[in-house]
Amino acid sequence: MTTVFDNPGPDHAHVENSMLPEDSERLRRLYADLDRAHLMPLWTQLDDLMPMHPTPRSVPHIWKWSTLYPLAQSSGTLVPVGRGGERRAIGLANPGLGNKPYISPTLWCAIQYLGPGETAPEHRHSQNAFRFVIEGEGVWTVVNGDPVRMSRGDLLLTPGYCWHGHHNVTDRPMAWIDGLDIPFAQTNDTTFFEFGPDELTDYSTPESSRNERLWCHPGLRPLSGIHDTVASPIGAYRWEYTDRALTQQLLLEDEGHPGVVEPGHAAIRYINPTTGGDVMPTIRTEFHRLRPGTATQTRREVGSTVFQVFEGSGSIVIDGTEQQLDIGDLVVVPSWVSWSLQADTSFDLFRFSDAPIMERLHLDRTHLEGTTR
Amino acid sequence: MTTVFDNPGPDHAHVENSMLPEDSERLRRLYADLDRAHLMPLWTQLDDLMPMHPTPRSVPHIWKWSTLYPLAQSSGTLVPVGRGGERRAIGLANPGLGNKPYISPTLWCAIQYLGPGETAPEHRHSQNAFRFVIEGEGVWTVVNGDPVRMSRGDLLLTPGYCWHGHHNVTDRPMAWIDGLDIPFAQTNDTTFFEFGPDELTDYSTPESSRNERLWCHPGLRPLSGIHDTVASPIGAYRWEYTDRALTQQLLLEDEGHPGVVEPGHAAIRYINPTTGGDVMPTIRTEFHRLRPGTATQTRREVGSTVFQVFEGSGSIVIDGTEQQLDIGDLVVVPSWVSWSLQADTSFDLFRFSDAPIMERLHLDRTHLEGTTR
Amino acid sequence: MTTVFDNPGPDHAHVENSMLPEDSERLRRLYADLDRAHLMPLWTQLDDLMPMHPTPRSVPHIWKWSTLYPLAQSSGTLVPVGRGGERRAIGLANPGLGNKPYISPTLWCAIQYLGPGETAPEHRHSQNAFRFVIEGEGVWTVVNGDPVRMSRGDLLLTPGYCWHGHHNVTDRPMAWIDGLDIPFAQTNDTTFFEFGPDELTDYSTPESSRNERLWCHPGLRPLSGIHDTVASPIGAYRWEYTDRALTQQLLLEDEGHPGVVEPGHAAIRYINPTTGGDVMPTIRTEFHRLRPGTATQTRREVGSTVFQVFEGSGSIVIDGTEQQLDIGDLVVVPSWVSWSLQADTSFDLFRFSDAPIMERLHLDRTHLEGTTR
Amino acid sequence: MTTVFDNPGPDHAHVENSMLPEDSERLRRLYADLDRAHLMPLWTQLDDLMPMHPTPRSVPHIWKWSTLYPLAQSSGTLVPVGRGGERRAIGLANPGLGNKPYISPTLWCAIQYLGPGETAPEHRHSQNAFRFVIEGEGVWTVVNGDPVRMSRGDLLLTPGYCWHGHHNVTDRPMAWIDGLDIPFAQTNDTTFFEFGPDELTDYSTPESSRNERLWCHPGLRPLSGIHDTVASPIGAYRWEYTDRALTQQLLLEDEGHPGVVEPGHAAIRYINPTTGGDVMPTIRTEFHRLRPGTATQTRREVGSTVFQVFEGSGSIVIDGTEQQLDIGDLVVVPSWVSWSLQADTSFDLFRFSDAPIMERLHLDRTHLEGTTR
C-alpha cells in the first residue's frame, strides 16, 4: 500500500527500533512503575500509535439488503416500537470494531422498520441524523413539529437538537436507513439526549413539508431566513430533484458540455442552502450515477464512507477485490482503503461519509491512483 | 430627520464653529497659499464633509414605464444597435447627480431595447450586470457561450468578466431593464472592458441554459462545481420559481406558520448557491410581494435601493410623501431616506441595491420606525 | 498603456461607433425627450462610462513636507482649534478631483497641527481614521476613554464610531498626518457624526495605553477579548516594533533565509489581531523599507495608494516619470498607474490604501511589469 | 448531575423500556441471526449509545510531577533515545480508557526526557504537536530546518507535517511535556508518519528562531507571509510575553479597567497570527493566572481539557471533590465534568484542550454553575 508521500521513506517494519534495550531487572521494574503510575512509554508502541498511514481497525464490509430486510421484518413481528427503546432500528456493526454497533469509527448506520399504523415517539439529541429511503412509502417524520413525507429516493434530515418522531399511516410496513454520528459523539463525549412526548405533535400528512415550501426553490432564499444556520433548513431532499439533476449532467455530457464529475459519472452533493456547504456539520451526503459499463477512478480518502445501491447493479473494487452490489446493499469503505465503483447497468448509489469532520479539521487527503495530491 | 444615535447630540446647524477667526490679510494669504499648494482646510468644510447623517446628493425619483417604453421604442427606430455603441440602453439619470447617467452613486439602471432580429455584439467587462424582464420574450443572452432565454419575470446575470451578447429571434421588439455597478466602478477606478466578436458564439435558442440544467435543483450542487465562486453560477432565475416561493410564503402565513418577512409581505433574495450569499459581490437582488391593503414597516437603510413594479399597483411613501406606482415603474430611494411600500392590489416588486458593498465594508445600518437597531 | 488582458483587443479609440446615426430632427427630438425624462443614452457615452481600463480623474501628485509643515504652522498661529471646526487639519486635495479635499476618490489625507497646550474636542463618526507620526511627540489621543501617546513612527487608530479627542501636553507644537475614508463615505452616503464633550474624558499621559497593555503581546490574545472585532482593538502600533520587524527581515535576507517581500525590500502590514486581516474595513496600512540602491518591481494595482517618506531619500517612478522624495513627502498613486520605489539611502515609507475595499468586493487586480496575474 | 436542557425531562433510568419483549425462542433466534449478520439492535443499547449527557469513560486524574520526573529520569538511564522508537516520551494513560496511552479520547500527553548531548532524530507526521516547558533549558527543537530554543515557560509548536527533531546541547538533562492529537488521529484513521534523517538538519543554537524573528512583532505581519496558514507560523511562544500579558491584565484590574476574564483571573489564548484563531486545527492552548485566594467559576464544557501547574499552588475541584495541585502536576478533566480552580498562592497554569474540534463541528457547549447557556 503506498503512502501519501511522493517519496516515502522506509516504514516501521523496515526500521530497527534502537530504543529497545536488553531486558533487565531494572528495566522490568521501570515498566512496572510506569504501569502503576498510569504511564506508558511511546518507544514500545510507536508503530501502533503513529503508523505510516491510516491502519483502520474497521474493515470493508457489505451488508446485503436481501439479508437486512427480512431480519427487520422479523423484529417487526417480535419487538414492539415505543418509549424507552425509541426506535426499531438495527445497527450495522463493522466486524473490525469489536462488539460495537458502529459501521465506522465515526458513523452509525441502521435499517429502521415501522409497521402499519405504528408510531415512534418524539425525542431529540445532539447527534446529527438523516434517513434515506430505498423503497416504500407511507411514513411521515415530524421534525420540530413539521410533518415530512418519506418516499423512495428521498433524503430526510434531523440535525442535532431537532425534535423528531415518525408514524406509519398505511397498512403496510416501511423500512429505510438511518445515518448518524453516534460513534463520533460517543467517543468524544459530546452526546445529549431528551425524551419528548409519546404522541407526535402533528399527525397530518401533507405532500410537502413546510420547510420544503419555504426553502426548495432553486437559487432563492426567503428573507425571513436570512441568517445562516449550522445545519440545512431543508428537511426533505426529494428524489424528483436528485434524479433530474443527474439526468441533466449526463445529457450535458452527451452534448459535449461540462457537468459530470468524470466521464460517465454524474454526482450531486446535498447542501445547506444558507452556506452552500454540507447539510450537517459532521456528515456529508451525496448521490452518484454511473453509466452502464463505466467505472470511477480508483482512489483512497482519509475518512470513512458508506454507499447504498439505489438502482441498477454493479460492483465495488475495494483494496483490489471486486464484490457484487445489488439494490439496497450497503458497503462501508474505511479510511485510506482504495475503492472504485463499476457499473453493469445504469448504477445509482446514495453515499454518506464523515468528510466534513476531516475537512473542517484539515485532516482530509485524497490519493488518486496514478497521481498524488 | 432622526439620526442613528439613541440620544443624538446637537447637529452642525446648532453648534457654533469656533474655528472661523475674523477675516484678516494674513488669513486670506494663508488660504491662498493652501489653495496654491493643493490643500484645503477641514475646519471650513466640516459640515459638508462629515454631516451628522447621510445627506445624499441623489434624490428619490420615479420613472414611469409609460414614459420609458415609448422612448426606448423611438430609439429603436432611430438608432441602430451594433459594435462601438454596443447596446441600445438608456440610463436612468438621477436628477440630483448632475449630468451623470447614474441612478445612484453606486448603481446604473437602464432600459434596453432590441428590435426584431437584432443582435447586440459580444463584450465583457469588470462591472457586474443583471437584466430583469418586465414584459416580452424572444431574446436570448449568450453568457460565456451559454445561450440563456429571457422571459417575463426572469432575472438574468452576467457577473464581472463574463462574455455576453444578445439577439432577438422574433419579429417583435423586446425591452428589459439592465442593472450594473458602473458608477461605483467609475468613481473608484476599477473598470476594465474588452470587445468580443461581432457575431454571437452560439445562436441556438434552448428553453433552458446549461447553467440552469446544472445548478437549478433545490438543495443540490453538482460535484463538478464544488469550488465556491465569487458570483452565482446560475445565469437565469426563472419567474416560475420566484412566483412559487412567494405564493408558498403567503400560504404558510394563511396557515399560521412562519415564512413571510412581516405580516402580508412575502420576499425572497436571489442567491449564489455556492455560498448562500448575494448573487454578485456588489449588487443585491430581491423580489417582494405584498397582499392587497398591506404596507411594509417604514425604514431607512444605508445604501441606495431601486424598485421596479412587476405586477399590481400601489404606492411608495418616501420621506413622508406618497407616490403612485404602476407596472414597470422604477423608483430609486437614496441612502438613509425613509420608505414604505403600500399595496392597493396584490403588489409584486423586483428590488436591487448596493447592500453587499455596505455589508462587506461594515457600513450597513438600518433604522426601523419606532425602533433603533 | 497595456490592459489587464493577455491579448487585449482593440480599444474604444480604434473601434468605430456604429450607433451614431446621422443627425436628424427626429434624433434631436429624441435626445431632448430623453433629457427631459432624466434619461441618458449609453451608446453616446460608452467610452467614458466603461473605458478599457481604469482612467482615473485623480492624478499622481507629490506634496512636499517642506511646504506642508510651514503652512500648518501658519494655520496654528491664525486659526484656533475647537468645537465646531473640531480639528486643525489641512486636507491634501488631488488636483484632478476638482475642488474637493480628496487625495483619491476613496481617501482623505491631512496634516493636523496642535499647538502647545491645545485640546481638540471629542467627537465620533462612522468614518475610519488613523494617524501616522512623522516627527515630534507630546500629544495624547484619547480613544473611547483610553489615552494613547503619539510618538514618532507610531500608527494610531480610531476606527469608525470610536470617540476621540487630542491634547498637547508640551510647550511645543506637534503635527502628524490623518488618513480617513471620508470621500468613500461621502460618495456612497454612509456618514454619521456626533459631537462629544468639549473636554477630554481623561487627561492622563501614560506611556502605554490600556489597549496596548491588553493586546500587544505577540501571538497572544486575552481571553476577555475572544470575540472578533470589525476593526483592530490595538490603538497604537509602536515604531519600536515596526522598526524591529523590518530590521529582522533584512537580517534574515543577509543570512540567506526567506523574509523580505522581494530582494532588498522589507515590508509589514499592520493587522487586526482578532482576524489577521486589515486594521479597518476600508483602509490598509503598511510600512516598507528598501536597502540603499534597490528598487521595487514596477506594478499597477486597482485602487489608490498613498506613501509618506519616513526616513532616508529616494524616488518614485510613476507612469515612467521619476520624482525625488524626501522625509515627510506624501505621494498619491491613482488606480492602475504604474509605480516603482527607488532607494538612494536606506529608505523607509509608510503606506496606506483602499485595498480592503477592492479585495472585499473582488475588484482587486495587480499587474507586475513583464508578467500578468 | 444536571443536563444542558433548561427543563430536562426524565432520564433513561426513569423511563421504562417498552421495547424489551418477553424472552422467547423466536426472539433469541432473531438476536442470534442479527449477530451473525453483523447487526445490533438499537433498542437494547440506547442508554449506552445515546446517554442523556456525556458519560465519559475517561476519568478525572492527576499525575504528580514528583512522580513523573523521577520515572523519566530512570528511563533516561535505561533506555537510549534514537531511530525507531524516536522519542523518550512517556504517555499519561487515563485510567478510564483501558490499556491505552491516551490522556483523553482526543489527546495524548507525555513527559519527554532528553539527556546531556542526546539527539532525537527527525521525523514528521499528520498529528499536531506542541511542547510546553515546565523547567530546564538547553534543548533546541529543529522545525522544518529552523532551530528553536526551548526554555522554561515557552510553548513550542510542531503542527502536522512539519519535520522536527531535538537535541540537548548541555551537560544536563531536560524534560518537558508533549501534547498531541494522537488518539483522535488514531480513532478516526487520519495518521501519516515519515522518517527523516537521523541527524538534525541544523545544529546551531540561536537565541531566537527565524519564525520568531519574522512573526513575533505585535500587530504586524510580514508581507512575505500574507497568505493564511492552517496552523500558526510561530514556532515559539516565549514565557516573557505570556508573563507580561498576564501581569498587565491584573494591573488593569487593579486600576479598575477591563482585561481579566473574571475577577482575579487573568488568561490568554495562544493564537495563529494569520487568522486570530487557535494555533492548530485540533488543539487549543491557553495560560491562566489566578490571584491568591481566588477561584474560577465552576463550569462544565463539552470536550476534554488538561492543566499543568506552572507556578504556585492551589487546588482543583472536580465534580465536587477538591484535590491539591503543585508545580508540574498534570490534571485531566473529561467532557462535561464540572471543575473550578482555586488559588492558594498566585497560581499559574498552562492549559490545553480539544476545543477547536468541538467548535468547528458545532459540538461545543458550556454550562456555568447557576446559569444555563
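Chains here go by letter, A, B, C and D, matching the order in which they are written, and residues are numbered from 1 within each.
As a convention for this text, a residue touches a chain if its C-beta (ideal position, glycine included) is under 8 Å from a C-beta of that chain, and two chains touch if they have at least 3 such contacts.
Everything numeric here is computed off the predicted structure, so don't read it as measured data.
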{"item": "Graph separation of subunit A and subunit C (steps between touching chains)", "value": "2"}
{"item": "Averaged-CA centre spacing for the pair subunit B and subunit A, given as whole angstrom", "value": "43"}
{"item": "Whole-Å gap separating subunit B and subunit D, where each centre is the average of the chain's CA atoms", "value": "51"}
{"item": "Averaged-CA centre spacing for the pair subunit C and subunit B, given as whole angstrom", "value": "29"}
{"item": "For subunit D, residues contacting two or more additional chains", "value": "none"}
{"item": "Listing of all chain pairs that touch each other, if any do", "value": "A-B, A-D, B-C, C-D"}
{"item": "Subunit C-facing residues of subunit D, complex", "value": "210, 213-224, 226, 228, 232, 234, 237, 241-242, 244-245, 248-249, 251-252, 257-261, 267-276, 286"}
{"item": "Subunit C residues within the subunit B interface of the complex", "value": "3-5, 8-10, 12, 15-21, 24, 26-27, 30, 33-34, 37-46, 49-56, 58, 61, 63, 67-68, 71, 74-75, 78-95, 100-101, 105-106, 108, 110, 125-127, 160, 182, 184-196, 230, 281-282, 302-304, 334-336, 354, 356-358, 360-363, 365"}
